[in-house]
C-alpha cells in the first residue's frame, strides 16, 4: 500500500516518467496555513544541482488541487501535484533486457508480471520523494501547531560521506573513483512532549523506521547509542533521570524508552547506500541473452544520493510525529 | 495499538504481573495444524535458565481457547493464553518513587496519567514476548505452507555479546562486571519467493523494522551490508544478477531491492541494548524526594537479554512474511 | 476480520461451543472505572429466559484478564472472557449433512474448506453477541466520560414483533404458529455533540450500519424518516434549523446531515429477521443424499431473537460513538 | 477518513467548487485494461440533463495521471482527475448566513471550526460521486476478471419515485409540486461465488452498507426481504437449499447468510431522500440575525437525485466486491 499514517495519513502516487507525481494528506487538522510558497524552502533543499547530484532538474512547483481553502486546510483531503516536466524515457527503454543492478527493475518485473511502468524506475523512483517532502512541509506545520512552550524542531544533517566527516573529501573520493558513494544522515528532534508512541507495536522506533525505510536507498537505522550499545554495560547505557521534567544525564536511548518519547532529544541515524546508478562499468545479467555482460548506466544520476536525503528524512519524521501527536490527543 | 499485520494480524495483551498474557491471530488461513505441542520448542528457546538469564520461570503452557478445531485452524480468530504464575509484585511496588533508569516507568506514568499497571513494567514488560513467540510458531507454519520447491527457513542467531563473538567470553565480561550487557542478533531467511513487499510504504525493510522495534531493548537494525554501505562505492555495493532465477553474485542488499525480496537470502541484524535492570548501583531521580539518589534493582532479571531474543526475532519476522505472502496472493 | 474501530478498537473471538468467547478493547482511554459488577445489568438484559427466548443459560460472568488495574482502565488492551459452560454439541453434530436453512452452515463449510468449527454455528453464533454487549458496557462509559453539559444516553427498544406493537400479541402469534418470528428495534441517542462523523466514507450512518450488520439476523437499517423518505417531498423531509444550537423543527434526518451529527437526537431502526432455527418442519437439502428432505431443528433456540437485540444494538452504537468521539478529539 | 477498502482501496478528494475532484485506487491488480473510453458509459449515466436533474453540466473527461501504463494497470496507485469546469460560487456565498436545511452547511461549519470550503457543499457535495463512479468502472473490471464460469453482473435500477413505480408519474408529482422528491433504488448482483464476506465485523451487509451510506442522500438499506422480514415467520423467511451448488428455493436472505454470499443473487434496496435543495420556499434560521426566515434555493439542482444514483450504487457495490474477492484470495 502507498499510504502511511493512522490519523495524519499520507498517500503518494506517480511514476518517474508519468505525467505527475503527487500526494494526498487525509486527516490534516483544519485551519493550518498552507500556500505554495511554504513548500519552496524544503523542495529547494531536495533539488539536485550541487556537486555529486543529478543534473535532472524539475521546477517542482506544487499544484494544490484540493483541501486548501482561503490559504488554510479545510478539513478535506489535501491533494498536491508535481508535474514531471523533465523526462527522457528513451534513456531507459533500452535497459529492459538488462535489469539494473541494485535497482527494482528485476523484482518489479516479476512482482507485477510485466505490467510495471519500467521507465526510470517507475513507481520505485527516488522522484517520488518530492511527494514525501511536500507531505513533510505540512506535517511540520501540524507538529509546530502542537508545540507547547518551545517550538518542536526537526533537523536532519549529513554526518559522513564515504566514511569522511569532511563531506567535500568524501565526495571527492566518489568523483575520483568515477563511482557513486554512500553516507550517514542523522536526525534530531527537540522539544517533544513526553508520552508519544503507542506500544506494543507502534513504538516511536517502529513508526519512524517504518517510514524511513520507504525512502529509497536506506539500509539501516539506529536510535541513540544504536549499534554501539552492543558493546556497552547496563550502567553505561542507562540514562539516569536527573530532573522532574524527565531530563536525563545522558541520551543513549535517543529520547525513547519503552517505545515512548521521554522528553529528551529524539536522535537517530540512517545509512544511505551508494546510488545504484553508478557511471562505472559493472557485470550483470542480460535476461534476453542469458549472459552476464558488461553494463554501464547512462541517464542522469546522483553520485551520492545521501546528499539529498536530509530534507526527506525530516519529512517522514514529521509525518510520524504529527500522527502520534494526533493519536495522543484522541484519548486525553 | 497492540495489533500488527494487515492480513495475518496479531493482537497481543497482558501485563507482566496480570493474570495472563496472550494473543489473538486474526486472519490465519484455515486448515493449518496447531496443537499445544507445536509451541514447545520455541517457547523453550525463549525461556530463561541459562547463564545470564533471569531465574523467573514460567511454565508457559499455551491455552488455545478459540479458533482451533480438531487440531486445525478453523478460519476464526485464534486466541492463546499464557498464565502468569510466577509474579512477585512486592519487588516492584516500592520502586514507584524511583522510576527505573532505562525503563518505561516514568514515561508510562506520564502517558497514562498514573493509571498504568506499574508492576513489573506492566504492559511494557519483556514478558509479553512470549505472546510474540506463540504468534511466530503459527506464522512459521503459515509461511511454510506457502513454500514452493524448497522450504522457507527462518533462523536467528546471536552474533556477539559485549563485542565478543565468543559468547561465553562476552557473558563472562558481564558476570565479572556484575552488570548487564548488550549484543547483536542476526536473522536469515532462505528460499523466499521473489516479489514480497509493498512499496511505497510497506517495503520489506519497513515492515520488518516496524515489527522488530516492538521487541523491547532493540535499538537498531541493518539489512545486508547495512551501516558498512556508508563507506562503499556503488560497484562494490551493487549485487550483480548472475542467473535468471535472480541469484546475485554478492548479497549486500540483504535480499531486498526496492523494498522487495529478490530471491536471495534475506539478511538483517539488530542491536539489543544491555538489560536496563542491572544489579549494579546507579544514580537516578527519586520523584518523591526530588533528589538524585543511589539505586539498585533487586527483582529477577537477565544479564544479557540478547540471549533470549533470537526466537522472538524469528517470530516477528515470520509474522511479517506470512502477512506479505497473503498480501501477494490477494492480487494474483 | 474480527475487529472494528479505529481508535476504540474491539476484537472479538470464540465459537459457540468452544471453551470461551471474549473480546479485547484496544485504545480505551486510561482511568475509566471498570469492575465485573458493571457488566451485570447489560449482560442480564441479553440473557434468555423470558417467553420466546432460548432455555440455554450461561452464567456470563466476565473474567477481566488484562488492561484493568485497581478497577480502572490502565491504557493497555482490555481482555474479557466468558466461559461457555452450557454447550451440548451432540445436538449439532448430526446436522452436518443437512445445512440448516437460514444459517451459515453451508457457506462456512465452503468458505473455510471444511475446517470450520461447525458446532452450534461456531464463530457465526449469536453467542458472540455477549462479547459485543461487554464491549458496549465499556464503550458506554467512555461515551459518558465525553458528555458535555448533559449525559449522552443510548437507548434501544423493541418497536414491533411480527407486525404488532403490542409485543405480547406478536409473540403469541409465534407461539401459536409454533414458528419463530421477526421484529423491529429502534435506537435513540440523546445529547450528542454536533460534528461527529468523518465523511466521505466514515459517515455516522456508514459506521453504525457497518457495526449493526455484524449483529446476526439484522437485514435492514434506516435513519430518521428512513424508507418513508422515498415518498416525501423536499420541504417535508428537510429539517429546518430553529435555534443557534442546531435544534431542528422536525427530525427526519435522524440527527445526521451530510453524515455528521447535527445535535438533534440520533434515531435509527433495524429489522431483525425471524430466528433461522424454528421448531417448525422445513424442506431442505441433505448434502450427503443429495435429496431435499423434511428437516426440523431440535436444540435450544429463541422464537424471537429480536427480543434480545436491544442491548446488543446499544452496544455496537456505543462502540461507534466512542470511536468517533476519540477521532474528533484527535484533530481539535 | 476519505478512503475505503482494505485490498482494493479507494481514496477520493476534491470539493464541489475546487479545481478538481478525483480519486486514487491503491491495490488494483496489475494488468487490468484501462482507457479513458472505458469511463464514458458510466460517467454518462451519472450525468444530469434528463428531466428532473440539474442543468449543471460537466465534461467529466477522466485524466488518468498515474498507475496506468500502456493502457493497463501497472501495480502502482491509479490517480484520476475530473476538472470542475462549471462552477458558479457566487450562487453559494450569500448562503453562509443561512445554513441550507438538509445540507451539511451548519454541521461542517461547526466541525471544521469555520475553515470548511463552503462553496457548493464543498467536500460534502454530490459532485464527488463522479469519483465513486470512476472507481466503480475499474472495480467492475476487477470483479469481472475474477468471474468464474459466468460473468459477474452488477445492475442497479430505480424501483420507485415518490411512491410511484411508473417513474414518469413520480417525477411529474415533483414538477407539479415544484418540490424535490425521494425514491428507491435496487441493486442486484448475479453469478457471485459462494464465500465472500468476512464475519464477524466485515459481513457483506456491513461492507456494502458502509460504502452505500457514503453516497449523499441515502437514508436506509435493506437486504433481501428486508423490513418485510419483521412480519415473517421463520419457515417463510428461511431459504431452503435445493441444489448442491447452493441454489435456494426463495431468496429472502438476498444472497447473504451469516454475512457471507451463498451463491444466489445478491439483492438490496436503498432509499434516497428528496434532494435537500428544493426550489420551494422553506423556513429556516439565519445564523447572523438569529431569526427563522423564509428561504429558497437558487443554484442548479436535481429535483430527484435518486435518478442519478443507480450508477453510483453499482460503483460502491463493485468496490466492496473487488475488495472481498481479493481478500478471499489472500487465504486460499
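Residue numbering begins at 1 within each chain, and the chains themselves are lettered A, B, C and D in the order written.
We adopt the following convention: contacts are C-beta pairs under 8 Å (C-beta built on N, C-alpha and C of every residue); 3 or more make two chains touch, one makes a residue touch a chain.
Keep in mind that what you see is a predicted model, and the values were worked out from it rather than measured.
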| item | value |
| --- | --- |
| Rotation angle superposing chain B onto its copy chain C by C-alpha atoms, nearest 5 degrees | 180 |
| Between B-D and C-D, the pair with more C-beta contacts | C-D |
| Inter-chain centre distance, chain B versus chain C - centres from mean C-alpha coordinates, in Å | 37 |
| Distance from chain D to chain C - Cα centre to Cα centre, in angstrom | 25 |
| Chain centre separation in whole Å, for chain D relative to chain B (CA means) | 44 |
| Multi-chain contact sites of chain A, meaning residues that touch two or more partners | 1-3, 6, 12, 27, 30, 108, 111, 123 |
| Touching residues (chain side chain B, partner chain D) in the complex | 6-7, 27-30, 326-327, 329-332 |
| Of chain A, residues touching chain B in the complex | 1-4, 6, 12, 99, 101-104, 106-108, 110-111, 121, 123-124, 128, 160, 162-163, 174, 177, 179-184, 194-195, 198-203, 205-207, 209-214, 216, 218-227, 229-244, 246, 248-249, 252-254, 257-262, 271-278, 280-285, 287, 290, 292, 306, 328 |
| Contact footprint of chain D on chain A as seen in their complex | 1-3, 9, 11-15, 18-22, 24, 26-27, 30-31, 65-67, 69-70, 72-79, 81, 108, 111-113, 115-117, 122-123 |
